[in-house]
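Worksheet for the structure shown next.
Order of writing sets the labels: A, B and C. Residues in every chain begin at 1.
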Amino acid sequence: MDQSPKPAESGLIPDSSGQEFDFGHRAGRRWGERVIAGMLFLCGLVSILTTVGIVAVLVTESIGFFREVPILEFLTGTRWSPLFADQHFGILPLLNGTLLIAFGAMLIALPVGLTSAIYLSEYASLNVRGVIKPLLEILAGIPTVVYGYFALTFVTPIIRTVFPGTGIFNAASGAIVVGIMIIPMVASLSEDALNAVPQALREAAYGLGATKFEVSTKVVVPAALSGVVASFILAISRAIGETMAVTLAAGATPKMTLSFLESIQTMTAYIVQISLGETPHGTLEYSTIFAVGLVLFLITLGMNFLSQKVTRRFREVYE
Amino acid sequence: MMTDSKLVRVAGAALVLLLPLAACGEGGDAAEDSYALSGMVTIDGSSTVFPISEAMAEEFQIANSGVRVTVGISGTGGGFKKFCGGETDISDASRPIKESEIELCRENGIEPIKLPVAWDGLTVVRNPANDWATCMTVDELRRVWQPGSSITRWNQVRPEWPDEEIKLYGPDTDSGTFDYFTEAIVGEEDASRDDYTASADDNVLVVGVEGDRGSLGYFGFAYYEESSDVLGAVAVDNGDGCVLPGRETIENGSYAPLSRPMFIYTKAQALAKPQVRAFLKFYLDNATIFVPEVGYVPLASQQYAEHLGTLNAN
Amino acid sequence: MSSERFKPNNRRRRRAGTIFKTVCLVSIAFSILSLALLLFDVVRDGAGWLSIDLLTHYPSRFPERAGIKSAILGTLWMMGLTAAVSFPIGVGAAIYLEEYAPKNWLTRILQTNIANLAGVPSIVYGILGLAIFVRYFALGRSVIAGALTLALLILPVIIIASQEAIKAVPGSLRQASYGVGATKWQTIRHHIFPVALPGILTGTILSLSRAIGETAPLIMIGALTFIAFPPKSPMDPFTVLPIQIFNWTAKPQKEFHELAAAAIIVLLVLLLVMNAAAIFLRNRYQKRI
C-alpha cells in the first residue's frame, strides 16, 4: 500500500519534524541555495585561511629576525641569550630542552600506552573496557596547567628526595608529567589500530596453536604497525608542543645538557617567558618569538605529515 | 509539541547564548553610586614596584567599584616603552627614567611626571642552609655577576667556602632591578653574565633560591621580606662592614650601595582622566600605610604631601 | 616426523604470556594510579580553601581574601564567545565538506589541512592570535581577541566531529528527502542537521571543554597579572581560570599553591559537568537511528 504522503492541493508536504514547507518558488530557491552553498564554502575556507595566516605571520616576522641573525648561527649556535647585552641566537639549547622533555615523556608514554592498548584490545572484557576507557579519557581531559601544578608540588619533591641535588626546576619533573599526559593519546590511537585488525587473523593464529601473548605481539601488533607507529609519532609531536607543564616545572635556563636533573628551557617555555614580559613590538627580541615559533611549527607539521604518510604507506589493507 | 531534536537545539542555543548574559549581571555594582568614578587605570612596569601598585589597586577598587585597575609586570624598561607609546597611564619603575626613554616619550608628545613612592633595599638572597655566605663584599659580588664570569662554585669566591655549585637567579634585562644592580655592583649598567636563571617574575626567583642549597639571587626587599622564613639575606660590605637590609639601614642609606628609591611615572594625558587622578591621590595618601605592609620603606609623610602638590600642579 | 625439531615449550610460552599480561596490567595500573595521585594531591591541597568566598572574591595579595570571581566570569565569557564563533563556522565547514564539496584535489587538500591544524601546538595559535587579532585588527588584549584565537584552535576538532556526525546520517534519509523534491539545503536543514545535531553538539561541547583548559594561547594574547574585575564587554581585558591557576602556582607562598589547587578543583568540576553533558547527549540520542 502506498504510504508516501501525497501532495495536498496547496503543494505543501510535511517533513520529518512535522513542519510544512512550501513546494514552489523554484527560481528563488535555486538562488537561495547558491548563497547558502557559498557561505558554507567560506566556512570551509576559514581553515585554509588559518593555515595561511599561521605561515604568513611566522614567515614574515621571522624574515625580520633572519635579516639580523644569520640562519647558520641560529640553527647551529649553542648559546641562547637574546635578552642580554651579549646576545646569542643559537636555538640548539632550546631544541635540546624540548627534545629532552619529549624523549623522557616517550620513555613513559610509549610502553605504557602501547601495553595498555594491547590489554584493552586483546585481553579486557567489555565491562573492564567500559571502566578503563573513561578513566583514560579523564586523564586526557585534564588541562595542562593542572599537570604543571602536579609536577611542581608533587613530582618535584619526590624526585628531590630520590635524587638529592636536583634543582627545584628540573627536566625530569616536566618529562614525567608530560609522559603521563600523553599516555591516553598513545593508548587510544594504538587501540584503534589494533581493533582494525580483522578477527580472522587472530583466529588463524589461534588455530595454529599460538598463545594469546604470541597472537597479540607477533600477529596483531605487526598487522597494526602502521597505526601504532603513527600514534607514536603524533604523541611525540604533542610532547614537543607541550607548554604549561614545562613552563611551570622545567625551568627557564636554556642550556645544552643531557641531565634530567637540571633546569632547562624548552622552545615553548621560552615563547611564554617572552610574552609574560611582553617585549615590545618591532624589536629583534620580539621577533625571536616568531623564529622559535616557526621552528616549532615546522617540526610538529613535519611529524604530522610523517604520521599520515606512515599510515598510508604501511597500512595493510584488509577487505 | 516539542520533539527531542528541537529540545536539543533549544538547549544548545540557550547554553551558548545565555552564558555571557549571566556574566552581565555584574553590571549592577557600578550603577549604585550616581557620581562615582568609572573607567580604567592601566599600570605596567617594574615587578619590584608591583606589590605596592597591586595593593593600591586592590584597595582602591574596593573603595571605588566602578573603576577597573590593571597592573602588569613587563619590567621597568618594558613598562616605559608602553608608557611612552601611549598604552599605559602609570609606569612602575625601580630606577629613574633614562634619557633615551624620555626622548621616546617626547617624540610621542608625552612628558613623564616622576613620583617617588618608596625606598627599596635590593636584597641579595641565599638559601637558608647556606651558612657560609652570610656577608659578601661588593667586590666579591661583582666577580660573581660580571660578564664572562667563570665563577661556578662557592670556593672560587672565597677559598675557605665549600666546594659547591652556585646556582644564580636574577631578573631579566627588561628589569630596573637588573639595571640598578649591574650599575651598582658590576659598575656598568646592563653588564652581567648571562648564564643564570633570568625571570621577570620575582616569584620564580624566590622559588629557585628557596629550593637549591647553593643558590644566590637578587630582587626587591619586599620579596625577601615576604619569604624571610624560607630565605636568607646576604649582608653587603661596601667597605664599612657588613650591613643587612632592613627598615633603618635602608632609610638611613647605610645599606649601600643597594638602597634605592622607587618611582611611579605618569603623564598629563593620564591625569586628565578623573579616575587616574583619584587613584594617584589615593596612592600618595595611603603610601605610609601600604608601603610598609608590602615590605618596603616609605618616604617621610611630608615628601608624599610634596608629591601630591606636584600632582595637583599638573 | 619433525618431532625432534619442534618443541612446543608450552610451559615457557604460557609463562611468557602471564608475564606479559601482568606487564599490561601494571601499565593500566600506572595510569590509574597517576590519575588518583593527581586528584588526591589537588584535593588535599585545595579542599580547605573551597568556600563561597573563593567564588565571590576577586584576586588579592592576601591569600585569605583572594578568590576567583574575575577568573570564573572571564572563563564563562570566553566560553560563550568562543562557542558563538566556532560553532557556526565549524558546522558550516563540516556541512560543506560532507554535502557540497566535490571529490577533487581541492577538497582533499582542505581535509588534510584540517587534520594538520588539529595537531598544531596551541602556543602557535597564540602567536597567530597575537599577531592578527591583538595587533593587526587592533583588538588589544581583550576577551574577543582571546575568544577568536581559541575558536581557531578548536575549529578543526569541531569540523572533524561534525563531519563524523553528518556521515552517520543514513543515506536513506537523504534519498527520501530528495525523492520528494526537496533542495539540498532543505534536505540538510530539515533532515540531516536535526539528526546529526546530538553528535555535533557532543563534539562541540568536548571541544569547548578543551578550550576552557587552555592557558598558553591566552597568555600570549595578554595575561595581565592583576585583574580584579569581570569583563563588561568583549573589548575588556580579562583573566581566566587556567591563567589564575598558573599565576598562583608560580608564587612561592604555600597558601597561594593551595588556592591554586582550590581553583583547579573548580575548573575540574566545570569540565566534569561539561563532559557529562556531552556524554549524556551522546547516549540519549544515539539509539534514535
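By definition in this document, a residue touches a chain if its C-beta (ideal position, glycine included) is under 8 Å from a C-beta of that chain, and two chains touch if they have at least 3 such contacts.
Nothing here was measured: the structure is a model prediction, and the numbers come from that model.
Undergrad: For this structure, which two chains share the highest number of contact pairs?
TA: Highest contact count belongs to chains A-C.
Undergrad: Measuring centre to centre, with centres taken as mean CA positions, what chain is farthest from chain C?
TA: Measuring from the centre of chain C, the most distant chain centre belongs to B.
Undergrad: Distance-wise, how many Å sit between the C-alpha centres of chain B and chain C, to the nearest whole number?
TA: Chain centres of chain B and chain C, defined by C-alpha means, are spaced 35 Å apart.
Undergrad: Provide the C-alpha centroid distance between chain A and chain C, rounded to the nearest whole angstrom.
TA: So the centre of chain A lies 13 Å away from the centre of chain C.
Undergrad: For chain B, jot down the residues that touch at least 2 other chains.
TA: Only 5-6, 72-73, 201, 204, 207, 210 qualify.
Undergrad: Where does chain A touch two or more other chains at once, residue-wise?
TA: Residue numbers touching two or more other chains: 17, 276, 278.
Undergrad: Using the touch definition from the top, which residues of chain C touch two or more other chains?
TA: Touching at least two other chains: 194, 250.
Undergrad: Tell me, which parts of chain A touch chain C in their complex?
TA: Interface residues on chain A, with respect to chain C: 4-5, 13, 15-17, 19, 21, 23, 29-30, 32-33, 36-37, 39-44, 46-48, 50-51, 53-54, 57-58, 61, 111-113, 115-116, 118-119, 123, 132, 135-136, 138-139, 141-150, 152-154, 180, 183-184, 187, 209, 211-214, 216-217, 234, 237-238, 240-244, 248, 268, 271-272, 275-276, 278, 281, 289-290, 293, 296-297, 300-301, 303-305, 308.
Undergrad: Within the complex, which stretch of chain B touches chain C?
TA: 4-6, 8-9, 12, 15-17, 19-20, 22-24, 26-27, 50-51, 54-55, 57-58, 61, 68-73, 201, 203-204, 206-207, 210, 226-227, 230, 294
Undergrad: Give every residue of chain B touching chain A within the complex, in rising order.
TA: Those residues of chain B that touch chain A are 1, 3, 5-6, 72-75, 78, 81-82, 85, 147, 167, 172-174, 190-192, 194-201, 204, 207-208, 210-212.
Undergrad: Note which residues of chain A are touching chain B in the complex, please.
TA: 17-18, 81, 83-86, 88, 160, 167-169, 251-253, 255, 263, 273, 276-280
Undergrad: For chain C, which residues are in contact with chain A within the complex?
TA: My answer: residues 8, 13-14, 16-17, 20-21, 23-25, 27-28, 30-32, 34-35, 37-38, 41-42, 45, 88-93, 95-97, 100-101, 109-110, 112-117, 119-128, 130-132, 135, 152, 155-156, 159, 173, 177, 180-186, 190-191, 194, 209-210, 212-216, 219-220, 222-223, 242, 245-246, 249-250, 257, 260-261, 264, 267-268, 271, 275.
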